[in-house]
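First chain A sits with chain B, and in the next complex the same chain sits with chain C.
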Partner chain A sequence: MSQEIDEIIKRIMAHKGVIGVIIVNNDGIPLRSTLENSQSVHYASQIHSLASKARGVIREIDSSNDLRFLRVRSTKHEILVAPDHDYFMIVIQKDASN
Partner chain B sequence: MEIVYVYTKKRAEFGRQCNFSDRAAELHVDIAPDDNALEDFIERDPVDIGIQCVQEMSEHDANTERFETGARGINHTEGGWPKDINPHEVEQVTRYRKKVEKDEMYISAVLQLGTSMEHCIKQNNAIDIYEEYFEDVNAETIDEAASAKTINVFRDPNEIKRTATHISWFPDGPRKLAVAYCNLQFQSTSPDTSMDSYIWDVENPNKPEMTLKPVSPLVCLEYNPKDSHILLGGCYNGQIAYWDTRKGSQPVELTPIEQSHRDPAYKTVWIQSKTGTECFSTSTDGQVLWWDIRKMGEPTDKMYLDKKQEFANAQGAYCLEYEPTMPTKFMTGTEQGNIISCNRKAKTPLDKIAATFTGHIGPVYALQRNPHFTKNFLSIGDWCARIWSEDIRESSIMWTKQYSSYLTDGCWSPIRPAVFFLTKMDGTLDVWDIIFKQNNPTLTLQVCDVPLYSLRVQESGKLVAAGSQDGTTTLLELSEGLYSMARNEKNLVTAMFERETRREKILDARHREIRLKERGKTEGSKGEKRGSSDDFKQAEGEEGEKPAEEEEQYQEEDLYAKAEKEFFSIIEAEKKKQPTPSQDFDDVEKKGPEEDGEEKTNGNAETENKD
Partner chain C sequence: MPPKQVKSKTAASVDRKRSKRGADGDDLTEMGDGTEQDDWMQAKTLVKPEDQLELSEAELKEEFTRILTANNPHAPQNIVRYSFKERQYKQTSSVDQLAVHFALDGNLLHKDSEEARKQFNRTGLAETKEEQAEPAAEAAATEEGGEEGASGEGKEEAGDEDAAPAPASKAGGKEKKLTNQFNFSERASQTYNNPFRDRATVTEPPPRASFSSNVTQWEIYDAYQEDFEKQEKSKEKKVIPGRKEEEKSKKKFQISETSSDDITRVETAAKIVERMVNQNTYDDIAQDFKYWEDVSDEFRDSEGTLLPLWKFSFEKAKKLAITSVCWSPKYRDLVAVSCGSYDFMKQGSGLIILWTMKNPSFPECYFETDSGVMCLDVHPQHPHWICAGFYDGSVAIFSAVDKREGAIHRCTAKNGKHTDPVWQVRWQKDDADNNMNFYSISSDGRICLWTILKNEMVYQDVIRLSLPDVSAEGPDGIKVATTGCGTAFDFHKQKDYLFLVGTEEGKVHICSKAYTSHFIDTIDAHNMAVYKVCWNRFHPKIFITCSADWTVKIWEMKDTMDKSESGDEARKPLFSFDLNNSVGDVAWAPYSSTVFAAVTSDGKAFVYDLNANKYEPLCEQMVAQKKKTKLTHVEFNPTYPIVVIGDDRGNVTSLKLSPNLRKMKAEKKGAPPVDEATKVQREIEKLEKILSMVRNQPTEATA
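After this line comes the complex of A and B, so read on.
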């Protein structure tokens, strides 16, 4: 079963421009990562707080609504965050047009 | 007089409970009115007293004390591992990870997330959703009214406020601002006044980024355009100092007092040189000194602002103008209101002063060449700003109206050749756009209530910093119209400058001719007059035909009266031409014989018109 996870990660990494994938749990621990540890921890902690804040915003405006996806575009790359109840997946992708 | 009432109590009775009781009033003191005192006063009749039956109210405002905030980040180094697992133990960590991965929930969650993630990734790769469309098509310029807004205000952090005398922008972009602070009032600095000057980060107005600690307050501060770590400062006591921001707040080197200026070094400017270490400075003591910062022991060159190079007669200078494209020439604005243009590489010391431009009534506080038209320069002094052309020495080609308050500083916009800025003693900043309006400023901003002393525009033309008397530096951002070149702007400005220059030339020629004529008359040589009147004709094209009449006129009346007479005679001529009622006719006829002296001019005027 962990093979499936490996498969998914491999498939995501195969896409154009993807720099790294991190799977983080609610405690901020990177469970799986293709980047090195210090970087993953960095991303994990920062994204965790951002994602919960974003979720809070959506919930506040409409309590029946929930956060489905979060995209943060920066000058160098884009950070995509797919949140779930207990875990979330972070993918860093470089700008395709560059 | 003192009214004293004494009461005694036994020591033993101290601390005893008080027994209050009523008693009749007792008269202690009776002060009768003293009639003699009445003589000190004058009776006033009637007496004016305002009475109002209204609720008394008072207004107070309170401001909380500034709360110093600082921003700090936290570096997160390791995740929130459960208590029993030591994050540094690799085994425990991997074991934990493996355990989690076996969880059913985990796998299904990851699968789900994976699919939605893939969707987005593919989206990203398919199209760039943030693509800039029509980048190369320029937006139609909407003519909006010129405006400016204050972005930030940097206040002097010291208790005793000093004037912000000079501002210099960081050469690599509008990130930092160096401001020199000094109390310019003669001898009014208290000993507690701080002597520091600051470098501010544009984003943080609460605390200066760096402090510069000179031995005497700085009047002028300039970044080295080649090396952004080096700053040059002119001190109130005449010394010149330079700082390296990498080396701290103390100046790296100072010039010795004997070799420096005798008065505050009002302006120091960097020179374009191969080494990038040369500079020159000026002061109201009349000297212009050149320095090399590697060797501040003595000036490399010295010059006095006097035609005959005599120190005693030298005029004190407030400002310097130096254009890197013309490395050997520079200009200074003096206390006497003259602008002296000098050539550093003149053959003889006496030739160093190339030209003097007079015209200002008070000291010239700022001087700058137009960045696009280096032959024209702006000078600020007394109550108006003047634009000069280098070729015309006698007067400026354009000038603003007389302001009601004194002008303190000014500069051109680096991007738009038609725009310049002025600061005044009433705290306003004026923006002039000479293509838009010539007789009034395009924009007047009340920056603060105290006089503004210094001004600097950033290289991009968008940001303007103005320093005031209480040490507050205000950062303003201009509206787009003021920093983007208008259509055809260069041509319009060129045409305007040329037109004004030509007008001045013509006026100048005319004045010269009139003066020559006067001189010729007093000497009594007719030949000269003939010659000059011919030139007159060429220059004017109209009035060259009345030599004889002119001479007679000049002998009798002065120019002013002559102009008046001409005016009235032309009016009369017009009146005669028109069909008038009988009364006027009588008047005209009455005046007829009186006008004999002017008949000739009349006749000539008419012949001129026909011409």
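After this line comes the complex of A and C, so read on.
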């Protein structure tokens, strides 16, 4: 099963503009990452709190709702976050139109 | 204390020891002691202890002054008390020097006192002796302990008057005890009080842990949900498990709870992220899909264009041709594609691929097969069931949800496998026993009905396509009926039992499920093999056929009773279009009764709208990327204005239809919204109008 995940990560990395893929668990610790460790940890901790907050917002307003994904577009690139039950998956992609 | 000590005769100084001995301070006693001591001394020799202090004569004769004061030597000399008023420790100025050596509480009462009188009354003694006034009612004041002195001399009282009061009832109301004054004694006894013992044990303190948590609205909700689910589960266990999981399973994957590697649980998130990345990468295409409309269509009334959108290509399918395309009836973005090879000489493996528009770079799901897959169909009600027909003549069923590598069911040579490639399969409605079933048609001339029972597939021959006119000569000259080769079929939308069959000889048969041996009607439609037959989605009697003879023809089904009508051996089509190359596929549009699309072997796609132009296509467009690519199949998406075209290089291309190509009847302003039936009716009327013009002159119109 984990090969499938690896395959998916590989495919995502093959897309143009993708800088990195990080899989973070509930404690904010990166499990898999294609970036180097210090960067991964940096991204992981920051985004983890942001995504948790976002999730809290959605659920607080309507408990039967849940966060599907979160996109943060910045001037340089875009951070895509998809939460799961226990994990977050983070992809950093450069803007494709550049 | 050294025994030899000079006794000073100072009146005030007394040896402490001595004063103790003689409390009276009697000289006589003193003297007596001293004399005694001397006698004692002489009798014995002096024994000096080793550690005795050696003192010189002069030191021995030293006089020590002792002062007798009235101070209590045991009293502390400086008592310091904390004064709250002055907030500091202050020394008490004078210390109480009183030392009590002995105290004895007396128990004498004055005979005239109140208490004494009470006693007199109680004891009844000495009333005559003393002058006693008759006591008033006795108040039950303090009582004596109970002990009374035996002697009659004194009224002795035992204990203090402040001692704990005995029950009051004793004093008043009770009869006076007649006691013998001489030897009466009240006796009391006390039980032995067990000595107290303190026992204590110390246990290990329970382990402690700190716990803190936040409560938010959704956490409460989650807790309730869990509880609810548990309740449901316990209910379900009681209910007999009815329907199998097939009803509930969907094409989209469900996560199976595995307790193995942690990372496997990320699957859905990974999927979502992949789609997001794809969305980003193909952002412009996605925008086009959603919003782009060809503006130039406003100026060109009878022309339209196809805008290329996503291209789906899979590594393993590169050498294969797309043999069939089918949109999922439930998921509007999911398309199932079968790959195989049309080339007789080059037969290899096959693939069944499920693509989603949300992820153009990698298939949702794919199955590899050993033989080329020639056709496939997705079940309308259970969108995860896919039936497929192979080049080697077998049919199989796949489930998109089931994770197994291959088919759920596959028929074998014993089990009714066709002897020639299966060209088309189609699901039917569940039969009377609620079993799924599907039809397959093959070049061996058989149309089979396959039923899925619990664990197997059962087949049943429905029709044999025989060629009544042509019969081959057997070895002994016996005429053997030859069978035709079926290449396509289509079931009527409303009348389920009615279906069309296209053959390799170019004939089209109209058949019914009820009749197994002969056809309702036969039409010599084409000169070469018929590749596709398709009923019109709105009009119940119109169908379209396409063939390798470069033509697309539209026919009308005549009533079977009208055999006598004009004796048409050669029935004529209502419309016929020549497309300059072998037509691989044709399909009616789902939104209009007059629009259809066709694809040819020279890589072009054609879109016709009979309403707009009866003779020429609205759009003729080169779709294939490379030259010499044949387009093999075309399908319209049921909801979106998209067509998907497959070619013989394993590529699937999606194109958006421009507005001119999807004209539907404009509603009158202010009219209420139209419902389904009316829409259908309108479409039929539209087509009828066109047909009526054509019917009277059934001549072919060529492009």
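FYI, the second predicted complex is superposed on the first by the 98 of 98 C-alpha atoms of A that agree within 3 Å, B and C clash if a C-alpha of one lies under 4 Å from a C-alpha of the other, contacts with A are read in each partner's own complex, and residues count from 1 in each chain.
By our rule, contacts are C-beta pairs under 8 Å (C-beta built on N, C-alpha and C of every residue); 3 or more make two chains touch, one makes a residue touch a chain.
Note that the coordinates shown come from a computational prediction; the quantities given were computed from them, not determined experimentally.
Trainee: After the superposition on A, what does A:Asp84 contact: first (chain B), second (chain C), both or neither?
Mentor: both
Trainee: Determine, under the contact definition given at the top, whether A:Ser63 touches first (chain B), second (chain C), both, or neither.
Mentor: In the superposed model, A:Ser63 contacts chain C only, not chain B.
Trainee: Check the residue A:Pro30 against both partner chains and state whether it touches chain B (first), chain C (second), both, or neither.
Mentor: So A:Pro30 only meets chain B here.
Trainee: Touching A:Ala54, do we find chain B (first), chain C (second), both, or neither?
Mentor: Neither partner.
Trainee: Please work out whether A:Ile19 is in contact with chain B alone, chain C alone, both, or neither, and reply first, second, both or neither.
Mentor: Neither partner.
Trainee: Where on chain A do chain B and chain C both make contact?
Mentor: 1-2, 4-5, 8-9, 11-12, 15-18, 23, 25, 31-32, 68-69, 71, 78, 80, 82, 84-89, 91, 93, 96-97
Trainee: Flag every residue of chain A that touches chain C in the complex, lowest number first.
Mentor: Touching chain C from chain A are residues 1-2, 4-5, 8-9, 11-12, 14-18, 21, 23, 25, 31-32, 56, 59-60, 63-64, 68-69, 71, 78, 80, 82-91, 93, 96-97.
Trainee: Which positions of chain B touch chain A when the two form their complex?
Mentor: Spelled out, the residues of chain B in touch with chain A are 76-82, 96-97, 100-102, 105-107, 109-114, 116-118, 120-122, 124-125, 128, 130-131.
Trainee: Residue numbers of chain C touching chain A in their complex, please.
Mentor: Those in contact with chain A are residues 216-218, 220-222, 258, 260-274, 276-278, 280-281, 283-284, 361-362.
Trainee: Provide the residue numbers of chain A that touch chain B in the complex, in ascending order.
Mentor: 1-2, 4-5, 8-9, 11-12, 15-18, 23-25, 27-32, 38, 41-42, 44-46, 68-69, 71, 73, 78, 80, 82, 84-89, 91, 93, 95-97
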